[in-house]
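Labels A, B, C, D, E, F, G and H are assigned to the chains in the order they are written; within every chain, residues are numbered from 1.
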């Protein structure tokens, strides 16, 4: 940002830019204003990641409008927490869209995605019921250009299942551990690998799981070092952080 | 209890007991009333266990009084949550008393204790800081006549430590798992043994452990079957339940 | 497990097994991998219990797939939290299935169950509304080969109802107490019996019961010794623990 | 209040009182303003009860000032949550003061108290550690002119102790039940008596008792009818309500 | 109970009753066992109140069965938390039933109710939305033979509305205050009357009212003395306690 | 109020008003009693604001009745939390009604509203999903006669969007900041403006947002001074306070 | 800020400022960096308020250092949550300092404070124990140049005390209501005044007040409009907001 | 681990190792057992990090024992949550120890530490009171061989302070953000950088900060992507994770 600021000041000094225009530039980093949403086309330039639309709580019309604006910018786009209705709404905007039902994700312009990472991200779940959150993480990570290895249903109640997959988990550059109920898998994996572990509590469970609170507290208090935590059911957030860690 | 009721009714029928005395007996199972505490000498008869004094929140005088009443009944007695001051107060009542500092327990008439169980109870802790709760459990179980095996500091952050002790844990008739922080050890042990597991969350930890709440929730939500839970830091309670399970 | 390990090493020494195969065996305790679920056929061998499928949060297709894999192994199988739809899905896989509607349980190959225990498990509820959880516990315990006595609607508001059933409760080897609202029944029963009590809080109640939290806290803080607690509404978990205690 | 209002309007009509004075009277029910506290001498007139000073959080000087103002009004006075320092401070103001250490209460002009009630209030505790709260209740009720029967240490873990005292409890006009830990005693007593039960949760307990929260929730969810609840450790409040109920 | 016990012992002494029958009587206070519910016909004898059925969580068949059993006993009966379906189910059992829709209450044999109390119970609400809980309280109190005065929508946001009704409130023997949101009305009324106040928090509100928790805490911490609290939305419980207080 | 009181006393003195009438006036500030609701026509006189009906939890008939009573008083009226059904019910009472769907508000007699304020209120949201709460605030503020500037979707994740609108925000007399999820926008805005900030947490979010609790706590703990908070989703409340601040 | 930006750009255009210096200015709004604290001398210029030091959690040396830096800037300074030790530490830096013990505040250069507001702020407390928080609010407001009226101990338990002071409260431009326990005073005052009410919950209380949580929830759910809330015990924050509202 | 397993099996095949010894090796990864603690000398080999002793809750003797065992292994060692007493205890074991008082850390053999990383870790705090947690993070990261840049007291209440340091923050490979109170800094930084952000809530604050809970929830709900969270006050944990991310 400093460079463009310098150019701006030089333009003012040189008279190429009026003071009033300079003021406007200084105050307004470029983004497009749709009224109900402000879209930041510069994020992709800054961090090389695709645009993301969090679809929950938005109308189909709002998502269509945001998508239309982004598509002009010729990037690939990830929509999370997307119902099938949202997907069908996007289909009216562009045919270049794929729906990942288990992940509740849509990807626009999926062919523009490149997977060129040498390292891979392991996505590990404790149970079968954690798979939707895991798929949100996996699809996000793949859309962000990462290789992903899925290792599902290896919870600590039958720990031999975990050990059978240990080499694959240990080989990852970043490990995402997804677990509901008591969430103990994050601590066990954290004690077995020497790479960063991102823990995602899920709302899977009942009674005193309090919709994921139990797993969340477990993971925050992990006795294993190297574990950090994202919000309950936030597969996207874990994958986003993992993608940042997986870049050189 | 039915039998003695029957005898009582027979005595009334036979005129050996007046109706008024019968009424008294029916309403009053025998216990001794110290005013501030009602002592139940029959519990030992009923379940073969020693008397227990929960010392916290009682004055030294109260504990002395309760102990005096119990000593007359010639049983061995366990005092939990006992400070050194309580111990010294009991010493004034009887010399036959031992203080277990780590466990904060006193045992009166310790020589009367018999350890004749074939089976043993494993007391397992995740960390070094859980040892005081573990010692409360171990001393309680021993005072109640059980053989105890202590396996300390085998938390899941270094799970090979647990596996090195697995045979000893699997050999137990009942396993008490004691853990603070995230409490994941209970689930892992629960998945590895085929005997009842009593889980004791401890208040060891900080921040979002909320004084043991995190470990408590973890243990209640254990994905491994066969795990039941007692109150935070309640080593005594776990040992009491384990003693009931360890009898034939 | 040690024995089979020893055999394995002997086979390697004798050249009956290649080192590579040995490595695989060491890392992979045998289980079958369906992708979305890892099935552990050895659990039954290890602890003599039937397989269990927790149906909630799984699709009918997933439950069918798991059941199919298990049926090949010729064991009897318990499905908990099973809707009628799940039951009908299983009927398409095998006719040897029974649905317990109140318990929301299915049992596959129920004829293979043997009830040979001398001891029995008492399942006690405070109210009528606690019966679904109690039935989950009772059906589970029976499927695991235990004799069960049901004692329902004996809450402390009319404590004479409890005393009328006291002999039956006291005769049990393990007592499961199931109560919502304030959950006081666990403490009262705990004070009256000399056997382990497993307390199950239920989400029955309203307002400050907070979906079972009140009963859960009550039971964890029981002033009666010998009470341990499982998760809210977790009839299955209590029965599993009770089954472990009920074996000699 | 209506009567004095009527008199006031009549005085205005008759010219005995100026409109300005009338305005003042209408807005200002008589109380004395010490700056840091507003003392209401009319409360005693209104409800026949002594004045009460809640001492916690007040300086000795403030309590002395309030007491001095009240003593002039020649009533007997109850001070709750009073440390020994407060007591000694009051002694400097008047010799007519008694300190109840267990109850942490002071009573000024105790000789002015009359106990003329036919009915009595039963104060029942689950354990020995609940006695301080019980004594606050008992001393309050006695200072308010009630006969009190104390029944201590009859918690549900040994329910025969409760039954031995049942006649005394059932004979009361109002029953105050005081219990910490799981607080189950309130439900059991509520189911056995046909009079109003005031339940006082205490902060006695540890771990998941959360300083009385467990007992509070238990009592609010009591399955027995006729139980209402006051704040944790609020022996005074229960006794105040009971005194209102004990009047004819 | 003592008297009947004495008679029983006398009968045994006189040989009018066998020891075995005596044992049975001693253990079994009379109640009728429907399997899923134990009905206590003696409660009415003991406390003069009608039977009560808590309908929530019971099937229509269960409520019908309970009602049938009670009707034989010729008492009037109150059903709370009763849907219109429950009402229609009861209509198939007896035509002598009235449905109070706002209160969600049914009364069987309503003509058997006598209102002969000199004192009355005031039922006061803060807002219009609290009326369903208030009606549950009012109908309960009336069915239990009390005169009731309803004073609705007098919350503290417009405190003049409360003062306009103050004489009616002050004239009551017991006051039930029902309020959601912040529940401040209980404290204000508690400060204005000299009779017991039963406070009922309601789940009316949103956001940080947390389904009645805010009002519950407000009422438990009331700075006015003489206020005791029942569970959230528990209009029945408040009326039951008030009825006990309203008897001489 | 003092003035009318004075007149009243003068009338009594002059014999223009009987003492009994005076008593009535003194106790009854004028309001109209619909039975289920007490309507205060004087509020508008007192504070110059329109009447408000909180529609949630009221039947259409109740809202119609309240509206009818208010319309006679010829003021403009705001209905909040109003469904379309409520709107259509009001249409049957008067045609002079507008429905703001996004805000879930109805305004009766909207033409009577005057916007004459020099100052304006800024309504700022973090995201698109916060708009319904923002519209409730904006419509309320406008109905109360304020000029409103809407600045939506300027959350801190892309803080340049906020800075682009900073002049508009800083120019406001009062700023309402509306945010869900972590609610950080309130602190950032609070640090950038020198006018009062009213923060409204919204229930937008998932998992550990706990339906707005996270944003609520964030805002209460704001490190920026000048921020005060209203209930979760309470756009109306923020606008009401802001309107009070926006008057001279 | 726009103006100085414009000047800066003009200086660059005119060559009065180098581009490098311009860059520095643009990035660095002027503040002084002490290492452990960054001091913003421009805040006073921006909003006309004195500097504030939050002393809790800072060492005496740190507070001295911050004060020294500020004193050079010749403003008056408020220190909150200041112990007597902090005061004595400041005395070593400057003699121009006053300590308000009840408020735990220090004011440096108090003579520089001007009270020139026509309007006043009312600071109202429910009880005597709330006075320390009230004094923090009052001293803050006075140091910020406001006239303050203190109205203490007028809680709703004796509501006539409040009415006696109502004219003084209603005359205020802003009302700060400070209450612990159940915090009902905020709702009552909110219903009686037509000016903004800032509610401060205090940690005064015990048991289910949960250190101010009960009062906090009460105030957030206030049924009276015009009430906004600050953090528990945050007298300073309320006074800061009130000062912003009290300016024209 | 696979390699050594292979060697082990080869040794068994070759007869170099007996089956019994093989069994032992398979079950026991090498660690040293001090009884109260199990020390894992292989961790350093595995991940290249120094040993860590969490000192809280351990006696000086225990820490000395653990340190002695580790020192023999000739690594550098970090002790966290170390009081000055612990430091002095370690001094008796070795003179090669440094105490970082603000961080409450001890480093044994500090000269063995190498800082050779090209990338650096930024440690950013919102306030001065967050510095102890920040220093724990910084000292940990440095001991683990990272270059660290400290940026303290740049909270969002004065956001220009943050922007002045933005280049330094943006240049980091990993950013640790440490904030108490409302914790908003994590979201703002998360929106400004394109590298992983580790957020550490601190217990700094009062009232509704609930000892760090408010900041924790804020950070978990961050609207900025790329933020993951560790336990309250867990500076060590954040630095450990950051160190894993900072390695190539």
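Here is the rule we go by: contacts are C-beta pairs under 8 Å (C-beta built on N, C-alpha and C of every residue); 3 or more make two chains touch, one makes a residue touch a chain.
In UniProt terms the chains read A, B, C, D, E, F, G, H = 1-(5-phosphoribosyl)-5-amino-4-imidazole-carboxylate carboxylase.
The shown structure was predicted, so the numbers you read here are calculated from the model rather than taken from an experiment.
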item: Where chain E and chain F overlap in contact partners, by chain label; value: D, G
item: Centroid comparison with chain H (C-alpha atoms), farthest chain; value: E
item: Option reproducing the contacts of D-F, where over half of them reappear, out of E-F, B-D or A-G; value: A-G
item: Chain F-chain H separation of Cα centroids, rounded to whole Å; value: 49
item: Intercentroid distance (Cα basis), chain H paired with chain G, Å; value: 38
item: Mean-CA-position distance for chain F and chain B (Å); value: 59
item: Junction residues of chain F, two or more chains touched; value: 2, 158, 167, 207-209, 213, 216, 220-221, 225, 231-232
item: Which chain pairs touch, all of them; value: A-B, A-C, A-F, A-G, A-H, B-C, B-D, B-E, B-H, C-D, C-E, C-H, D-E, D-F, D-G, E-F, E-G, F-G, F-H, G-H
item: Of all residues in chain C, those that touch chain E in their complex; value: 128-129, 131, 152-154, 158, 160-161, 163-164, 166-167, 204, 206-209
item: Touching residues on chain E, where the partner in the complex is chain B; value: 2, 5-6, 9-10, 12-13, 15, 19, 22-23, 26
item: Contacting residues of chain F [partner chain H, same complex]; value: 126-127, 155-159, 181-184, 187-188, 190-192, 205, 207-210, 213-215, 217-225
item: Residues of chain C defined as touching chain B within the complex; value: 2, 46-47, 52, 167, 194-196, 198, 216, 220-221, 225-231, 236-238, 240-241, 244-245, 248
item: For the chain F and chain E complex, residues of the former touching the latter; value: 27-29, 31, 35-38, 40, 43, 56-58, 62, 201, 203, 211-213, 216, 231-234
